[in-house]
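Once you scroll down, you'll see the structures, which are given as structure tokens.
Both complexes shown next keep chain A, but they swap its partner, so chain B is in the first and chain C is in the second.
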Partner chain A sequence: MTPEAIDSWTESVRATAQRLNKADDGLRGRREDALQRFQSNGFPGRKDEEWRYTPLKKLVNGPCHQLLPASTRIPVQADLPIEAAARVVLVNGEFQEPLSDFSSLPAGIKIGSLASLRKQDSGAIVDLLSSSFPLQDHPFQSLSDAMLDDGIWIEVSTECRDEVATIHILHAFDGSRGAGSAHVTGIIRCAAGTRLRVVEEVRSEGEVLGNIRWGVALAEDSSLDRVRVIRPGCDSVFHGTRVVQQGGSNFHDLMICAGSNLVRNEVNTIHSGPRCHVELLGVYAARGIEVVDNHTTIEHAVEDCTSREIYRGVLSQKGRGIFTGMIHVHPDAQRIDAKQSNDTILLSRDAEMNSRPRLEIYADDVKCTHGATVGELDEEALFYLRSRGIQLDEARRMLVRAFASEVLSGLDPEELREFIIAELEQCIPESGECAP
Partner chain B sequence: MNRKKDEMLLDVQDLHVSVDGTEILRGLNLQVKAGEVHAIMGPNGSGKSTLANVLAGREEYQVDSGTVRYNGLDLLELSADERACEGIFMAFQYPVSIPGISTAYFLRSALNSIRRYRDESEVDPIDFLEMIRSKVELVGIDEKLLQRAVNDGFSGGEKKRNEILQMAVLDPKLAILDETDSGLDIDALRIVAEGVNSLRADDRAIVVVTHYQRLLDHIIPDHVHVLSGGRIVRSGDKTLAQELERDGYAGLGVDDARAGSRT
Partner chain C sequence: MSEAKELQELADKEYEFGFVTDVESDSIPAGLDEETIREISRRKDEPDWLLEYRLKSYRYWLTMKDPSWAKVDRNVIDYQKIIYYSAPKPKKELKSLDEVDPELLDTFEKLGISLDEQKRLSGVAVDAVFDSVSVATTFSDKLADLGIIFGSFSDAVKNHPELVRKYLGSVVPYTDNFFAALNSAVFSDGSFCYIPAGVRCPMELSTYFRINAEGTGQFERTLIVADERSTVSYLEGCTAPMRDENQLHAAVVELVALEDATIKYSTVQNWYPGDAEGVGGIYNFVTKRGLCKGDRSKISWTQVETGSAITWKYPSCILKGDNSVGEFYSVALTNNYQQADTGTKMVHIGKGTTSTIVSKGISAGHGQNTYRGLVDVKKGAEGARNYSQCDSMLLGDRCGAHTFPYIEVRNPSAKVEHEATTSKIGEDQIFYCNQRGISTEDAVSMIVNGFCKEVFSELPMEFAVEAQKLLAVSLEGSVG
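Up next is the complex of A and B:
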């Protein structure tokens, strides 16, 4: 990463922060703090353990430091087959009311844009942000904070305890008029006993950094079921989520990603009351020189909670995968049951997987298991399929599908599951050895 | 039994096969006509499973010399999937479990692959379910098993019955049963044998590879061959199997443990 490159980012961030500070929305302090942090830390290099295998060089040295201009253009891709009570569309980080649809939204759920909240109630936005995102040294968080402009907030109140609404959120990044980045902040708060389902989709066109972060607060016995689909064709995506779970709450997360150049997915969940459950699932494919980097932290801060984590990847050609999974069991967090697994199929000799399970356990009465497997397709299974008349390429496809299906089996409706599997399959070349 | 044609369906001549440099089959000859049921018996290590797997097209086996003609084709030139499409089926001694693929999906994919190879139209899921129901009854398995992943968590008997179900669906010209009796109790053995017997046909040959005679009480063979040291040392009719049961392999001058080196 050249110093000039870092300078152009800093310049761009400073100019944007100054422009936004004119609004006098109460976020000046936050923006300046973040700018300071970004200025002194820049982007992490290979010596930073948390970013060791993540190739940021091309992004940093490239032209994405410019902000993407406002747009209403959504990259054309087949729509996900889902039925949602509301559709939220953000293009280049800006909430697009005319493209969104809240007509079937239950009365107990409120959705709004951060840009209008900034105008209406500076006290509220300062509170929301400081409770959702503690300021920290993190390159993408700093960018989000320093240039905080628009985004979305979703509030589920106890009024709609008896129904589970699905909200479809589409992040579109339009780089068709030139390279650039967009920074989006999202906040979800579920009141006690409520349930929400979110299907989040990322589409992107051109040389673009889509920087998305979510702060999620789950009150007692509430539950959030989230499916994220990073659609094929994205350039660089950072997607970060911080979840704070109160007692008895449930966070179920499924990340699907294939056919994008660089995706960094960070999920950080904190259990701050007993009987919480978190489920982190992921299925991804990388081919060519694509990179998928999953970085998760589960903070088991209190007793009697459970977690289950499964990330599965299929890497072909020179595709790379990174998995860093921390499970932190705090002192006195007894009777924790945590399972983690990370499985990878390598379809070529040039594909690479770096799998780093990290377990820090400071309580004694806990069950923590972790496993990482990296291998080729099962030769015995391949022969079995072929001996029944199935050709090699199809047999390989079937085994890849089977590998992914075990994680996707809970994904409803079936049409969505089939759609996702088909899209994954399209991102796996017939012969894993062919040149990128 | 009526023969449709008198020509050989399978003609193995002087077959030599090795695995990792060790010669397993050493000049094996075998001729099978359509409509016939052959039993290949032999002690452990005699090369029975090697023969079955070489015919099915397993690639770890190195064919050093010899020829295999099948239905007018040079079998050794064909890949495993082409062989299956040409009508060869091997029931595995150890059926492989494949988590994540349902048995129904697997069977339909296999059937449609074979149909495409033969320029026949594919079977849609609804017609397939209709068709498979009758076959399920034939091998006496629970229809719910079709929705479970292939052999995943199946009992030994269920796995073997699933092999016979596949055979019934794929309708091969040449079926090779590799130690299908191993690991079966007497009831499961009878059900599997009944399934196989119901698939006996004038245009189909069946080769039963087995260590023990007990399967042959249920599937009566037309020909019995004793394999030892990588070649067939005796051939006869069903009475040869009974002779083996009475006198053991030693009675035939075949040593069970180290048969390979003696012949």
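Up next is the complex of A and C:
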């Protein structure tokens, strides 16, 4: 990373922060703090343990430091086969009401832009932000905070206890008029006993950094089921989520990602009441020189909670996968049951996997396991299929599908699952293209 | 509860091997600069090339920062307060054990390894390192008949400079890390071992390290070279007397295995862990690395780490030769306020290389036990295979067990598996034993020994018994 490149980012961030600060919207302190952090830390390199394997050089030295201009253009891609009660569209970080659709949204769910919330009550938004996103030294969080403008918030109130609504959120990044970045801040709050389903989709076109972060608060016995699909063709995507779970709440997360240049996915869940459950699932494919970096932390801060985590990746050509998964059991957090696994298939000589499962345990009555495997497709299984007249490519596809389906089996509806599997398969080259 | 009382009694038990032998130490003043290094070199009557090596290392060390990435909480070490050279004053030229300072022999006897007894009964050649200078080497003549060179590092520098020069720093270069650089600059003595081609060493070679004089850091240097088709098994065991001041031990161990050679390196480490409040104890920061240079060579590390206030080491294997094999078997126990950040690195370079990692961590009291390991499969390591298993056991609710494996794979034909589990001893297990008249203490000791069995079975006979005893002693007072 050249110093000039860092300077151009800092300059661009400072200019934007100054422009936004003129509005005097109560966020000045937050923006300045974040700018300060960004100025002194810049982007992390190989020496930073948390970013050790993540190749940020190209992004940092590239032209994405400018903000993307406002746009209403959504990159054209086949729509996900889902039925949703509401559709929320954000283009280049801005909430697009005309493109969104709230017509069949249940009464108990409120969706709005942060900008409109700020107009109603500027004090509330400052509190909301500081509880959802504690200030920290994190390059992408600092960017989001320093240039914090608009975003989205979703609130599920106790009114809609008996319903499970699905909300479709589409992040579109339009870089067709030049490279740049856009930063999205989202907040989800589920009241006690409520349930929500979110299907989040990221589409992007051109040389673009899509920087998305979510702060999620789940009250007692609420549950959030989230599916994230990073569609093929994205350039750089940072996607971070911080979840604070109260007792008895449930967070179920599925991340699907294939065919994008650089994806960093961070999920950080904090269990602050007993009987919480979190399920973090992920399936990803990387080919060409694509990189998928999954970085998760589960903070078991109190007793009697459970977690399950499975990330599976298929890497071909020069594709790279990175997995860092921390399970942190705090002192006195007894009777925790945590399972984690990370499995990777390497389909070519040049593919590379870096896996770092981590356990940090300070309580004794716990069951914690993690497992990691890296290898190629099972020769014998391939031989078995081929001896029954199945072509090599078809046999490979079958095995990869079986590998991924363990994670995807819970994905409903079936059409969505089939759609996802088909899209994943498209991002795995035929054997001829990645011969060993 | 009687159990609690029993535990309390055991918890109060003091470190068995805490005593200081009064031997006149011939030390140079504390502090480190180029002159200290020249002085060490002068006293040891070293050739110029070695002095140059030391100075080069020292100058490099000055440019480095004291590392802080390990998951340990420690005091800042003042490197100017350490005495870098301390040798028992030679009263006269020693020819046989009878001439060795009786006080020294007494020390060893207290440790249960009286040299002459060892010599007569166990058939183990012991190169006893008392502080920094070897005082007696047994069985040398017997080994010499086979062409095996086994003795102190200083002797090797005098008698076999060509071998030392060729291999010193070839596995752990002085640029490797902060403590390796420091060691390369100030190492006092250690062991050197060379097994000629085709020779199978007829006995287990063993070194007993002791840290004695107050404020003396031990900077051992061990170099073992196994020539083609040779086999050697090396034992290293340690105890240290009780001290309040933190003592630094920064050793470097280098192993080189040429074609078809096998080196087995076993360690039982029981240095002073500090008292029950976490005061004092040894800082054990050691760089251990083996190079499987030739095809089909094999290096196997086995360690039982029960002592030291802080253990920070990663015995590693560089699997360069095709079809070479690396193994790491470890039991690390932390009780009271002990901390351990230990594990291994397996670097697969050659084709068909295999490695096995079995790590058992036991935490009790306020102990913090971390496994940190790297499995690195390079591009050319066709068909490489690794199996890692890291199990942690927690005894008590104030301790911690942590696992940080790093897996880096750049070859699709490689198969890498890693598994880790964390558990505690089940109440039902204890109940089952109690029912059958086995006390809780014995039951825990039994279960823990069972937990570590895979590692103990890798130890040579002499050590396996000692290790089991050590584990039981170290665990005393931690059951709850």
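We take it that the second predicted complex is superposed on the first by the 431 of 436 C-alpha atoms of A that agree within 3 Å, B and C clash if a C-alpha of one lies under 4 Å from a C-alpha of the other, contacts with A are read in each partner's own complex, and residues count from 1 in each chain.
Quick note on the criterion: a residue touches a chain if its C-beta (ideal position, glycine included) is under 8 Å from a C-beta of that chain, and two chains touch if they have at least 3 such contacts.
Not measured: the values here are computed from a predicted model.
When both complexes are overlaid on chain A, the residue A:R388 reaches chain B alone and has no touch with chain C. In the superposed pair of complexes, A:S405 makes contact with chain B only, with no contact to chain C. By the document's definition of touching, of the two partners only chain B reaches A:E380; chain C does not. In the superposition on chain A, A:F43 makes contact with neither chain B nor chain C.
If you count the residues of chain A touched by chain B and by chain C, you find the higher number for C. In the superposition on chain A, contact of A:F173 is made with neither chain B nor chain C. Chain A contributes residues 49, 331-332, 334, 344, 346-376, 436 to its touches with chain C in the complex. Per the touch definition, chain B reaches chain A in the complex via residues 56-59, 79-81, 83-85, 89-90, 92, 95-96, 98-101, 106, 109-111, 113-114, 117, 149, 166, 170.
Within the complex, the chain A residues that touch chain B are 378, 380-381, 383-392, 394-395, 398-399, 401-406.
Those residues of chain C that touch chain A in the complex are listed here as 69, 377, 379, 392, 394-424.
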